[in-house]
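Next, two complexes with subunit A in common: one pairs it with subunit B, the other with subunit C.
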Partner chain A sequence: MFGGLKAKLHAARSRLGSSIQTVITAPGSSGTGTAPQVPVSQKESPNQSPSAPASPSIVNKVKVLLIERELIVSETDVADALSELELTLLESDVALTATDAIIAHVKKILVGKHRKIGESVDSLVVGALRAALLEVLGNGFNLLDYIRTHPRPVKILFTGVNGTGKTTTVAKIGSYLRKQGFSVVIGAGDTYRAGAIEQIGVHAERLGIKIIQHPEGGDPSAVLFDTVQYAASHKIDVVLADTAGRFHTKANLMSQLDKIKRVMKPDLVVYVDEAVAGNDAVIRAFEFDKTIGADAVILTKADMDSRGGAAISIAHTIGKPLMFIGTGQSYDDIAPFEPAQVVEELLGDS
Partner chain B sequence: MLDGLSTSLKDALRKLAGKTVIDRAAVDELVKDLQRALISSDVNVKLVMELSKAVRTRSSEEEPLKGMTVREHVLRIVYQELVRLVWASTDVKLEPQTVLMAGLQGSGKTTTTAKLARYFQKKGMKVGVICADTFRPGAFDQISTLCTKIHVPCYGSLQEKDALKITREGLAALKEQELIIVDTQGRHALEADLIREIINLNNLTKATHRWLVIDAALGQQASEQARRFHEAINIDGVIITKMDGTAKGGGAMSAVAETRSGIAFIGSGETIEDLERFDPDGFISRLLGMGDLKALMEKANEAIQPQDVDMNAMMKGKFTLRDMYKQLEAVNKMGPLKQIMGMLPLGNMELPEGVYDVTSTKMVRYRIIMDSMTPRELDDPSLINSSRMQRIAHGAGATPDEVRELLKYYKMMQRTLKGLRGASGGKFNMQRLMKRFSGMQ
Partner chain C sequence: MADTMQPIDQRELMTLQHYLKEYGQQAEIFVSQLEMLENGRMEALAAIEALEGMMATEDGVVLLQIGGGASVRAKVLEPDKVMLAIGAEVVVERPNKDAIGFLKERIMEMEASQKKVAETLDRLRSQMNEINKRLEAGYQQSMAAGEE
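Now for the complex of A and B:
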């Protein structure tokens, strides 16, 4: 999923690197003394020159001046490269607000930084980017650990706008949890959309998962309440509660969701959105988090050549961990989201 | 819809209108604001960059048209470049045809199919639907439930897995219908098998239209996906769905630019009636808060003769009832006042709301009342005392209150025009305005 973003980040990174490089080589070539410099004691320097520490001498002083000299990166040095990085993020669907925050962060790390001449430019930039991205993405969410450490049944409510893939995701997670040895029951809480009950019904049948259904047009709270009752009396580990897609702008549908939440008392509210969403991802994630709350996020449709920007946007907006990524049409196309690994992959060298 | 984008674009243009000097820096600032506004609406970044480059080079290289200020020149370029983004609306004819629906998973194809069926049914056509989505569970249940509600025949199968076979049979079964809509499975451009399938479906149905359904929230991917769909089946129209949320539809606009087609419909709600035709005329103008310049230009040309309204005299503060009479007459030919005012690029000037509160029926009343006034009264409204008021009301078959109201409106107009004059430095020139409109395409 992050292939596109990765390629672009690499390009931006080398650009950023070279821009800093030019700043550094310029004063270096004109001999000593012209560049802003702050000599440091050799003890503090991790990039120790090959020679062993010796008593201060002319040679050492020169060495400090030439090799251990530090340079200060100024704002103008990185302006061009940062605006390129900004475009890269925007093109990868990172929302404008999130992009601004990341750029500000990278700039803060880079600008005014004392860079030793021996230190690689690359590592400096990568460090800054990594810190920024990791900060935004936060920690992942381990569902299995969560279920293991909480009283059964663990009730999970899925929310989101229309067409993001809630029903398919519920089926995928049902399948995933079954494979991990948990018993699962699904509540068909989408009683509004034509064909939705049939859709989740067929999924459940294929997977051999028990499903609680009411007829179309029924009260979703009632269905999901029944599902929780069923799980409690049959000692089932996990309740997966599907709901109808709804827009955050529809107050009555949102209050319906609020009622569902009051009635079934979910342990986890999972917000489902698609990886291909643009700037609106930020707005709706914020609204859902504000009105209903969200404990974790699942991104779907990550196989659509998306650049993963929505992950960064949503995580930045509501600060909730990403739990899973949906990557295809079959039941196994779902993967736990691990931010560190993703960031490593993005910034790795291959 | 598009309110957010509209507001930010308007703010950008207002900033420009508020500047005393329009130099390169001012243009750069405008371009930067435009970029942010468009990008945060999900318009493709490359398109935005092309647009901003065009605005920059054109505003410095092209000579302003005669009688046009630099400000107007820049506005015109922005307007033209934005119009290029949206292209034209797709022609929808009410004749026998086949429509093939294409789109990503979850973009709302099935719901839109039902809405389209309803739309054409209301136009008096015999409509049939084929459900060629054999993959998603419940897809056939969904479309057949929706079709049953509106009594439209729907062909599909729960067992058959071959979409081509279903479609072939469906075409035969529904050959009595004038319009056949083929709903397909959601797919994205990287799924080679599915792209092949839709190419085959297109060949099989010989579809008159191939419409791409795009979620308003779709981001930067929209362009790329649209391009691939276009390569596969030559998309000739885009339907934007889920416009009832907060999404701006910039992705769909990019898709339109990519396929060089037009926006055919806009879906904006969950019920089967929530589908609108897209009308590109003035779309961008409204977006920019510049009003519908093209329409105004046409209207103004036919409605206003030079002797009708002496704007310059008005601006000098010699605004009499007689002027207002002429103005009301001209305005009457052009449409409601609010619309006209909305059409004028007045930049950051705020007009009092009351100015607009004159309905067309009221305007007719006002003219009748003014017909009962003497020439002296028309030239100098301050003459009108309560006995004259009685006489005027009597002659026009109105109440004295109405006459008083008219005078109140006149005073408000006078104040407003004085305000206009102050804000635009006395350069509010109707002739120039007209020129500007004719310069816009």
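Now for the complex of A and C:
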């Protein structure tokens, strides 16, 4: 997953590291010229007695020069490398605002700060990148915690454009929640697309999940209202409400979604799109959020997306967390989005 | 032989038909993704050819398509400066050679994606074949039961 972005980040990280290394070894740098690097050590000199006077001895002066000397990275030292990192992120379809945020964060960490020369350059760079990516990725969204801390049934409405795998995602989340010990009912709210009711019906049957269906062409609000009623009367933990795919520009379909929201009063509105759509997915999520609102996002087909742009940018751009990513065809191929894990995967050496 | 045959469950046949239909719909989506990737790849190849051709001409004159099958001769003022959409709706100016390098990288990325989509499609098709076989066997059993 995101293999292309990972490879590019490695290249950008090396470039950034080289720039800083150049500062360390350059004659006339803020350190002591071409002196070799010495690991940082906090140990006291063995010759120095604990009751030694505070005034620095010659040994201490040398120690300060060679061990405790500091390096100050200036903006010009890393300007080229940061520019390369910026292009790397943009080429991976990371949205401009998210890219700017990452660059600003890395710059803030690296530039002007006093660093011990013995500190590993690579860990310095990786640390800066890790912090910047984590800031942009946000905290994710723990659905299990949400369900545990909210009155039942927790009603989740799935929205999004056509053909992104919304119905399959509803089934996958149903399966995931069942495995976590929650009871689930699915509302077949896509009464518009031919075969959609059958499709979700097959999934539900295969997973052993109760489904509420009305005939094709019926009012989706009515189906989902019935689903909520069923869940309430049968003490079901979670309602998963599927809806027909639609573009935010279709006013009539958006007002239908508005009606669904009024009728079923969802606790969470989840926007579903595909990771392979890259920046388009980010723009669509933004528009959907503006029009109908969204509390979290799910990206499907992340296994086919080598760039990772949408996954990196979406939370920062629309201000809503990424909740799950779909990673394949089977019911188990869905994973909660864990920012720390994703960052480790992107910056790890394996 | 007929004695050992299990009675066919019509509901199972219907479920299998639903599976087949669903897999068919998924396969259609992957086929259209493959087409999009192939179109993108061909477009990038054509752009590389045009960029290389532009540098090879001495006067910088090219045929510019203006739609409807019509073209005009146009002179490229700066053939070494290429405006390139690099992603995230950002356009940058790159030297011709760098732009070609970028497009070649994009082609490699698209080929890698094509491979992944094709693998998924193959898996889906083999699952569809399995379902088809089971359906066929089910129909034959039904017909045999009807003849008796």
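The working rule: the second predicted complex is superposed on the first by the 320 of 350 C-alpha atoms of A that agree within 3 Å, B and C clash if a C-alpha of one lies under 4 Å from a C-alpha of the other, contacts with A are read in each partner's own complex, and residues count from 1 in each chain.
Criterion: a contact is a pair of C-beta atoms (placed from the backbone, for glycine too) under 8 Å apart; a residue touches a chain by one contact, two chains touch by 3 or more.
This one's a predicted model, so the numbers in the text were calculated from it and none came from an experiment.
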Side-by-side fit of subunit B and subunit C on subunit A, or clash:
clash
A:L143 contacts which: subunit B (first), subunit C (second), both, neither?
neither
Of the two partner chains, subunit B (first) and subunit C (second), which one does A:A281 touch, if any: first, second, both, or neither?
first
Which touches a greater number of subunit A residues, subunit B or subunit C?
B
State whether A:A311 touches subunit B only (first), subunit C only (second), both chains, or neither.
neither
Who does A:L224 touch here: subunit B (first), subunit C (second), both, or neither?
neither
Using the superposition on chain A described above, determine whether A:I325 touches subunit B (first), subunit C (second), both, or neither.
neither
State whether A:H248 touches subunit B only (first), subunit C only (second), both chains, or neither.
first
Kindly classify A:L87 by the partners it touches after superposition: subunit B alone (first), subunit C alone (second), both, or neither?
both
Touching partner for A:A188 - first (subunit B), second (subunit C), both, neither
neither
Which one hits subunit C, of these parts of subunit B: 9-17, 207-215 or 369-377?
207-215
Identify the overlap between the subunit B-contacting and the subunit C-contacting residues of subunit A.
87, 90-93, 95-96, 163, 195, 198-199, 201-202, 276, 278-279, 303-304, 306-307, 309, 329
Which residues of subunit C touch subunit A in their complex?
15, 18-19, 21-22, 25-26, 29, 33, 86-90, 92, 102, 109, 112-113, 116-117, 120, 123-124
Which residues of subunit A touch subunit C in their complex?
4, 87, 89-96, 99, 163, 168, 195, 198-199, 201-202, 205, 276, 278-279, 303-304, 306-307, 309, 313, 329
Touching residues of subunit A toward subunit B in the complex: what are they?
87, 90-93, 95-96, 161-165, 192-203, 216, 247-250, 274, 276-281, 283-284, 287, 300-301, 303-307, 309-310, 329
Please output the residues of subunit B touching subunit A within their complex, sorted ascending.
36, 39-42, 45-46, 49, 104-108, 110, 135-143, 145-146, 188-190, 215-222, 224-225, 241-242, 244-248, 250-251, 270
